[in-house]
């Protein structure tokens, strides 16, 4: 039985003439968690966007739960229970916090709706007092919480987070890591892009480091520990 | 170099060479010279609009207010039945228009975006109704200008405005002056801040500029140029009508400038010629010219991403 | 502190409807010092900076610059007094070159912004000042790149260069290192260390390493209220700060 | 010389609000030229048709095209008074003969009159002036007058007022609404409140339909008589339906006018175009007749423009509206009929004024 | 002005305002909420009026004609969005101006080719043709009351859908960030097609409802277009409530102006808009 949830094979993506991703491949197993690391501008966001179909790769394939989703439009891919927390948070300037959560809410494809409004609120109590504020009126960190909450409201099987802790206070960053851990424990797979190698080492089972659009390192946490030196150089930590 | 793009230089060189020669071929047909003059005058108007919309970021649907005003001011300011000097009155009228633009600008620039579009539209419609309803200015039927002004400078007279060819060259001169004025302003240090306030107004304010005054000055410049175009148009046929001020007039000019490639300035000339050319062609081809006109506009939007000049640049720029 | 007070707030408050973003904040910022401001998300840090630079009007309270009350002034007057700020969300002119970005920022210092005729390139002083600002942040190899095409980290550097180009005496920096990689952060830390010798800097940042290393004074805000102001060590050892802000991640590193 | 082609330029609206008027005028004109082809002494006719869109701003340019580019002998147009001004500016005093087939603006045959400008329609004064007398005859003492605030509207109300007040009537309220607003309901309510003896109005086209419908919808029909310049019920009766019953108007024509020429013309027009003509077609037809008659009298030689003008001035045109001649100012001297709408038809009640001549104030011809 | 006349005019004003809202309702949706600058909106109003006139003559029944016309308009909306508007979402607003002005030309030409240039009228359906006594010598037509009720109904439904339902949130979110909405698993393409088509249908429905009260003439579309924009802008972009209040204000003000200062009554709504924008540069109900 195939145990992979998300598989990326030989992805090549270009912006105009500049070739960003070169034959990128990796695989994420069901219920597992994976990190994607790399320095600024190495193509992490581009990888995520290629997986989601927001940019279309020149060649290569994306498989989700065994199905080739490379040719599907973005919204159909998301309907396979993928959720996305974008870089820059993607707030809607004309929707209130409450509406952000209501508009996104939907049960997963197998009818699971355990992440309802109340559970999101319990996870991010800070949002409770801001329910009738517009999304763009929130502070940076509050926006980040809302973006994650909004993604959770879709009851996903795979959460993709792009720099989810950027601009968060240490305590809240901690909270977010905990939330991601809980999410993972509840059976949701996660693909996390971040620069904080320390936190990711604890959180994720598998790690991928991209350098200039190529996979530089790929391996489990133990393997990462063994190659820490080399990876840190690649990340210039 | 004021003209930065290769395409721009090639186009303008070609345009001015052809434009200079046109009367030589058409001398016998005063209608075509007249038509070409009208197109040039419109091009001045459209350039001034293109400057405001594309470069200053002020999308206005009330620009025709100043176009009409140029003509009406001539009627209002000149003594009846007396030949006045064109240059003196042109400057006089532009000063008055500039003052009107300043007052209007102070009011309309308090808003932005779609609200700015609507408030400019409202003001020009009000001016339209004012002239339409006032019998003193001829009401809806408009007014005649009976006397063409003389154009001597220090007693020397090169141009006779009753001669269509001479008037044509006056309009062509207007195109050149407008083009240079706008280009010089855009290249200046003032133009740098104007550009900045279009690209990112909040940031420009945070850098210590009062962008209101930059916009206001630009608005006055654009409006004054439009008034000059309106003055020329009124003089060409000796006729003013409130209809020159309607939002349809502004809308048509906007269409021409988008068609040419918004914000390119020289594109305004190309857009005007193309639009007028198409309309002339379709009108003589079929009673249902609107169908063809609309169809070609739709096709052009779909096919050309950045207007006609965008397409030209693709061809000519390496 | 020996240095003179250059900027001061007195019971500064900002309310949005029922939300008290900032409540009764009195702070003093000294010349040639770096004053760190930290606090949980939504504590009101950006709101504070927004009021210090004139972008927001306080609901109540006063701001003094060199002893003069300034909170009612127009935003551009703040800049003219030498109060410059950077933005939390990158806020640059995306479609033009880095040099032009800085030239816009610096031109105001030289006369002629209302000169309609002289070419924008005719004043060498403007170009030089802009180049200097880019050099300061380490972007001198990017002078003629279009701002949208440089990497995110570099855009953050450009953001900073633009503030420097206005030649301020007070720098208000809102998370200049957010989204920057490690290497770039180190460069900025180095730069700020250099800058604080000649400017007064207010720095909002969640990167604790940077804050602890740089701050002469450190203020902690929580939920719109002033928690504590003091030296780095004073603040670090304050239990309330640990509870409200730092959490255990900090303990681990410490 | 005879046999040379005669060039006729048309400057009429073929699109926009006045398009129907333009088309009707053109059809009438072409019918006349076709019927009277034999009178042209072998000269072929060439048409140049330009769409004015009823936009004054383009008028001078189009007129210049007909004058200078196409060198037309006759220019027929326009419908819209504003356009007329632009045309007159170009054509005044030129060799080309301009025949106005509709626009009623007083200035065209008033201060701006010119030897080469003729009108085969009416001046706005003509249909309204006799209505003042009619109102008095019917015993109306207090009249509410309402129209659009533009040349035609003002001139119509003024003409009515001129004869009405001279005979002792009183205009209780005179309302000039901005053109082309059609939100009439408040004014109809105001009329109900004022309760005058009658209402006099000038509206045309879509505005006429809307006004008559509002008047009826608010329950005023049958209570307060509605009178107007004839355009209130011209070409609009089907759209107005029952609402127009009983409306009294004055005009220089009526479709049911019982004279042989009219029957003849209507049948001929219907055979040609498959529908019956309206007033605008009549006016175009008479413009065509003015041309053919002149050419005929000159035996096909229209090179001497002075002769053309003096010939045309002397014509008596056998119009479907009844024969008419031109006044000194080149305006038709014609009968004005009083009509009343009965069963969806303008029925002629009487001749409101016989051989009425426009005063042509300000014309120095 | 007597109290009675004041009341009469108030009723007239409200009724006119409601009709204005109906005409503007599609525009609020397409322009205010979705953010698409559709200058051809007036043409859709014209199309609705012409269609109902045409089908009323063919079928002999106003109701059948109205239903048929509304359905055709919906189809037309889908077609226009799919063929034209859709290609412009990631372009400058000004390109939308250009495209929709092109559409105005085409629709005007088609109207002239298909239906000619004569003015037309549609008679009020028999069931609604009566009127109720109003003042001493005037009465109020039932059809106009009926039309007013429909306007209120549509206003309420629109308000509810846009501000309270998930669909409404999706539409608004789409105006803010299309990519993000799609990344939440919503087929934004279809959603926008449908919403645009509904906007077109609303414009057509207002043409249908207005047809028996107004005249059907060439160019009728352009004359209402600007008034609609004024209504939407006075209310504040994106606010249904604003458009509703704006329409009522414009209706009442121009009604009273038509009687009290007739010569100014066209200008008055512009003056009013300018005043509103000077006090609230983002319209009455902007956030």
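Should a chain be cited, it is by its letter among A, B, C, D and E, assigned in written order, with residues numbered from 1 in that chain.
Here is the rule we go by: a contact is a pair of C-beta atoms (placed from the backbone, for glycine too) under 8 Å apart; a residue touches a chain by one contact, two chains touch by 3 or more.
What you are looking at is a predicted structure, and each value in this text was computed from that prediction instead of being measured.
Q: Along the graph of touching chains, what's the shortest path length in steps from chain A to chain B?
A: The fewest steps needed to get from chain A to chain B is 2.
Q: Return the chains common to the contact lists of chain A and chain C.
A: none
Q: If you tally contacts for every chain pair, which pair is highest?
A: Answer by contact count: the chains D-E.
Q: Just how far, in Å, is the C-alpha centre of chain D from the one of chain B?
A: 37
Q: For chain C versus chain E, what separation do you get between their C-alpha means, in angstrom?
A: Spacing between the chain centres: roughly 49 Å.
Q: Report the inter-chain centroid distance for chain C and chain D in whole angstrom, where each centroid is the mean of the CA atoms.
A: Distance between chain centres: 75 Å.
Q: Starting from the mean Cα coordinates of chain B and chain C, work out the distance between those two points in Å.
A: Spacing between the chain centres: roughly 44 Å.
Q: At least two partner chains per residue is the criterion; list those residues in chain D.
A: Where chain D meets two or more other chains at a single residue, that happens at 15, 149, 178.
Q: Give me the residue numbers in chain E that touch at least two other chains, ranges are fine.
A: 108-109, 112, 263, 266-267
Q: Going by the touch rule set out above, which residues of chain C reach two or more other chains?
A: In chain C, no residue touches at least two other chains, as defined above.
Q: Chain pairs that touch, all of them, please.
A: According to the stated criterion, the contacting chain pairs are A-C, A-E, B-C, B-D, B-E, D-E.
Q: Please output the residues of chain E touching chain D within their complex, sorted ascending.
A: 2, 4-5, 8-9, 12-13, 15-16, 108-109, 112, 116-121, 123, 131, 133-141, 143-144, 213-220, 223, 254-256, 258-259, 262-267
Q: Please give the residue numbers of chain E that touch chain A in the complex, ascending.
A: 166, 169-170, 172-173, 175-177, 179-180, 182-189, 238, 287
Q: Residue numbers of chain B touching chain D in their complex, please.
A: Residues 29-32, 34-35, 38, 129, 132-133, 135, 138-142, 144, 236-239, 241, 243-244, 249, 283, 287, 289-290 of chain B touch chain D in their complex.
Q: For the complex, which residues does chain C have touching chain B?
A: Touching chain B from chain C are residues 53, 55, 74-76, 78-80, 85, 87, 91-96, 100, 103-105, 107-108, 112-120, 122-123, 126, 162, 166.
Q: Help me check something: in the complex, which residues belonging to chain B touch chain C?
A: So the residues of chain B touching chain C come out as 184-185, 187-193, 195-196, 199-200, 202-210, 213, 217.
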